[in-house]
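By written order: A, B, C and D. Residues from 1 in each chain.
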Amino acid sequence: MQYGFLGPETTFTHQALLQALAAMPEDAADDAPVLQPFSSVATATTSLVEGEIDALMAPIENSVEGGVSGTLDILAATKRITIVAEQVVPVTFVLAARPGTSLADVRAVASHTHAQAQVQGWIRAHLPDAAVEPASSTAAAARELALADVEDATAASRAAICSPLAAEHYGLEVLAEGIEDNRGAQTRFVLITRNHRIPPRTGADKTTLVVHLAHNRAGALLEALELFNANGVNLSRIESRPIGDALGRYSFSIDVEGHLEDRRVANALRALHRVCPVILFLGSYPRADGIRPDVSSVTADTAYDEAHAWVDALSEMLTPGDDPQI
Amino acid sequence: MQYGFLGPETTFTHQALLQALAAMPEDAADDAPVLQPFSSVATATTSLVEGEIDALMAPIENSVEGGVSGTLDILAATKRITIVAEQVVPVTFVLAARPGTSLADVRAVASHTHAQAQVQGWIRAHLPDAAVEPASSTAAAARELALADVEDATAASRAAICSPLAAEHYGLEVLAEGIEDNRGAQTRFVLITRNHRIPPRTGADKTTLVVHLAHNRAGALLEALELFNANGVNLSRIESRPIGDALGRYSFSIDVEGHLEDRRVANALRALHRVCPVILFLGSYPRADGIRPDVSSVTADTAYDEAHAWVDALSEMLTPGDDPQI
Amino acid sequence: MQYGFLGPETTFTHQALLQALAAMPEDAADDAPVLQPFSSVATATTSLVEGEIDALMAPIENSVEGGVSGTLDILAATKRITIVAEQVVPVTFVLAARPGTSLADVRAVASHTHAQAQVQGWIRAHLPDAAVEPASSTAAAARELALADVEDATAASRAAICSPLAAEHYGLEVLAEGIEDNRGAQTRFVLITRNHRIPPRTGADKTTLVVHLAHNRAGALLEALELFNANGVNLSRIESRPIGDALGRYSFSIDVEGHLEDRRVANALRALHRVCPVILFLGSYPRADGIRPDVSSVTADTAYDEAHAWVDALSEMLTPGDDPQI
Amino acid sequence: MQYGFLGPETTFTHQALLQALAAMPEDAADDAPVLQPFSSVATATTSLVEGEIDALMAPIENSVEGGVSGTLDILAATKRITIVAEQVVPVTFVLAARPGTSLADVRAVASHTHAQAQVQGWIRAHLPDAAVEPASSTAAAARELALADVEDATAASRAAICSPLAAEHYGLEVLAEGIEDNRGAQTRFVLITRNHRIPPRTGADKTTLVVHLAHNRAGALLEALELFNANGVNLSRIESRPIGDALGRYSFSIDVEGHLEDRRVANALRALHRVCPVILFLGSYPRADGIRPDVSSVTADTAYDEAHAWVDALSEMLTPGDDPQI
């Protein structure tokens, strides 16, 4: 199996892919998977569609920046690719050094400018006298330190600010973790495959949709939300994206709790299909947090099945019987 | 064919039944139908269920008094009987006399007290000097006048206040019609058969339901109405009836525009079946007024069919394909 | 103070009035109140409006029969009379006899036919050999027994089926209580005064309304219910009543949880006033059951007051300030 | 008056500001306004708040890219600044040259890479043989051409791709207009002032809001939309923005049709204030398109005023009157 991801190596997307592989059942992950970094989601998607890779990990939503437009737009525009899994990765940084270096030894810290900005409070507090040096990426900072010549006397007094994965990948020791000033930021990633494949429901699933609303009808968004609500389907995310043809025209990227196999989800999708000029199904897949939604008895599968059976029984009465027609 | 109706003969119910027979296609009404008056809807229903009669005409709603409780309750309580047609009859009275009598000849007017009360304005204006005499029913007033001995000299100066049908039935001449003080009152009647039979849809149909609401959930009526609304199903009547077990507990007798064969109606019924502890289907049948509802493109049959086809196509992707499972 | 009630004496309405008087604060009930039976709610209302009585107790809703049309229609049609209290009375019967009579002594039981029908199961089980004798009312049965000549030897072997109040009123002894076959039936009564008076809120109140819906707008009932819902106002009763001008045209008699002084109720009333062609306020008054509704923080008085203050503050910005106008 | 705009000169924002000034009543625009370009909306906002400029024009929404995050976030985060006007500017390009140059003369075309990409279809069709040369901005391309030395023989065979305003500003002649490949793109700009000032309503107004939804309540967005709908307030734009504290947490930037002085808008704002943990009012101002919304009689100002008067009259009944208290 060939897996693509938004590179370079040791990015948070890489981390998300490793998490996804670790979570797979053993037999599915039996063969040694091949991981391949791509410079953009667009090029990776082309490789996926052309069969050069089998799946692709891409960021879809960040807790600070919101939806990742590039990924959302590619998902909406590419036929027959679907999301089959999600992973959430904390946006967190570590201070890493060569084995044997202690925090007190550190005289210089290297990282990418962007990452430096996110940890400056910690640096000021814990390494006020250290020199802060630029690197082309957090991965590069880690790699350079790892590859430093054994003769290089300064190597034992240098550290890198990088992702936990980069530290591990390059054999560095973590001197401090969670050193970002704003704790709790997360990015959500999705694993995408071709051929419109939908994994079976687990009971703790999510379904991703794109809908356009009828622009000539007032209250179209209200109407769409009522159709989810009428089927007991909660939204875990709703984001607007411009359609592009006029000011004020938006499509909505939506995650709902539940799986296409859940009757309540399928019924809500049918209802939306009626009222929305465009509706795209981007996948049903297990939730990263494994939380099972609280499903009311009136929107459980059995409630839908019994309702169907009732109307089917009524409909049989439509056939003229022995009674003379009145 | 044996038809029951709430008697005696020449009542408005009798009139409704004659209207219904006249409206039937010729081959359905080929044989001479037999019409049988009953003293109550309850006894007529027993005859219907036991197969002694084939259909039954009963009043269901009056524009002044509202729902006819007796009929509504029997419909709700009796299994496998359904409404197959409706008729609307104006509640109107005529002044009728023996052929040859003119309005100027009339010295005495007979009717039932109830009918007299409804025409007293007209009598005061047009027959201020006439004696007003009681009769046991409007039909009895008409019949007595019709059967008056040919030797009875007063017969030519007497008139009866009765239904148009009674005048016709007893061979009287109508001297004035529409003489009721409050014009425009109407009663709606339904034709009921056994064996849960549903006539085919005509495009201008009505469906009658009884629903109980979940009493432990706030906004249950709102929720039920939203489910009709979400399917573009209009209500032409909604009436409350006490369930009987506690104060404030009501069921609702509902007429909606449309037929069980309309996808939007069937879908609304399924939705209600999920959320209502009790839902009874009492029939789909042609509207008396023949008005076709204005159906939006998003609730037309094709919209439901296309939505089903779309979700069915998605669901086929659930079967594992050639792709290795990720 | 003069109180009217739907008579005769010892009816359940009489019982409701006695309950209401017992529940009044001592100083309000200081003077000996005068209680006066009326033969109909209509005549009692005329007396109320003309100032001959100060208040009137009338039945409004029965758990088996539903709304009491006569009372509902008079409340809707009479200006400036309002409901100021409610009482709930169980519809229950007792077997009563002269003091000294035991159940084993009873050979004959008298009551009104209607009451007999409701206790026949109990009579069959406990007095299978007793003669059942008709009376003109349950009160009459009790009174006749109470007034029986002391010489009448059969008096000691006779019993009456009547209301608990009738037994007490006529000095009879209760041999068995709660003997009705269907337990739990209740009737709700309202105390009505003139001059549009509204008692202060207690926190456990009810408000009674009549609304007509705009007949030319689809979903009018749904819209009205949404306006209650948007203000967190629960309905404890909703009943339809024909408006009278056409088939399918209904007004709704509604009880909501809360008092006119509750911001959420006042706001819902304002919203309904906008969309309903007719809305009648029939009173805010303490609930008989004393249950306080569960009010969310978003519909508490403070939430409305803060929202008002916010918009008022914004509106002050409408006055041109020091800034030059752009 | 000092006006800031997102520079450099001749940007579409500059164009929007000129449009706004041209639209002002004469007396308001009497003095010669001073226009000052800023390198970012953030620095311009600081100048506005500190009183160095009086108003600021900034882009808020583009028909292709959607909301302009920078402006939306600054509006949400800055106290007491409000939108007082909007302008819509078509995103369109012209081919401009020195006076006397004709299309047939053009041998070289200069522009910014970004603009070149948007007009390449037109260039291929109309100037297939022209050399395409880069410039640092579309304004720079125009300026360089305008300032070319009079001795420069090539100047008469060169053209610039720039905004219509740049051509006019630098005294160039427009050889072709509307040459962008995708026609119809527009950007919407808002004029912002300090001191929370609200211009009077014109009848064709817009109100801009930011709301956060209660994240622990299902259907919070649905509830918010219902509150607009219940007051007949249409949304002309709704966009999500991450709140930043967790995945799936969004605020909404909303434009509604109407003005704070419209009772329906004020009432909807009060209702939202109750249910939303955060609601920001960013201004009521005239719509650029001048379209007056279709206001139903049930949401007209008079409907709100009459509803208020009715409840106020009812509330007067709360004061104990002459009637003894029951």
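The definition used in the following text is that contacts are C-beta pairs under 8 Å (C-beta built on N, C-alpha and C of every residue); 3 or more make two chains touch, one makes a residue touch a chain.
Each chain and its UniProt protein: A, B, C, D = Prephenate dehydratase.
Every value quoted in this text rests on a predicted model; they were computed, and no experiment measured them.
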For subunit A paired with subunit B, centre-to-centre distance based on mean C-alpha positions, whole Å: 58
Subunit B-subunit C separation of Cα centroids, rounded to whole Å: 32
Residues of subunit C engaged with two or more neighbouring chains: 226
Chain-level touch network, classified as line, ring, star, complete or other: ring
Every chain pair meeting the contact rule: A-B, A-D, B-C, C-D
Touching residues (chain side subunit D, partner subunit C) in the complex: 1, 24, 28, 54-55, 82, 84-85, 191, 193-200, 226-227, 230, 260-261, 266, 269-271, 273-275, 281, 298-299, 303-304, 306-308, 310-311, 314-315, 317-318, 320-326
List of subunit A residues in touch with subunit D within their complex: 61-67, 88, 184, 186, 188, 218-219, 221-222, 225-226, 229, 234-242, 244-250, 255
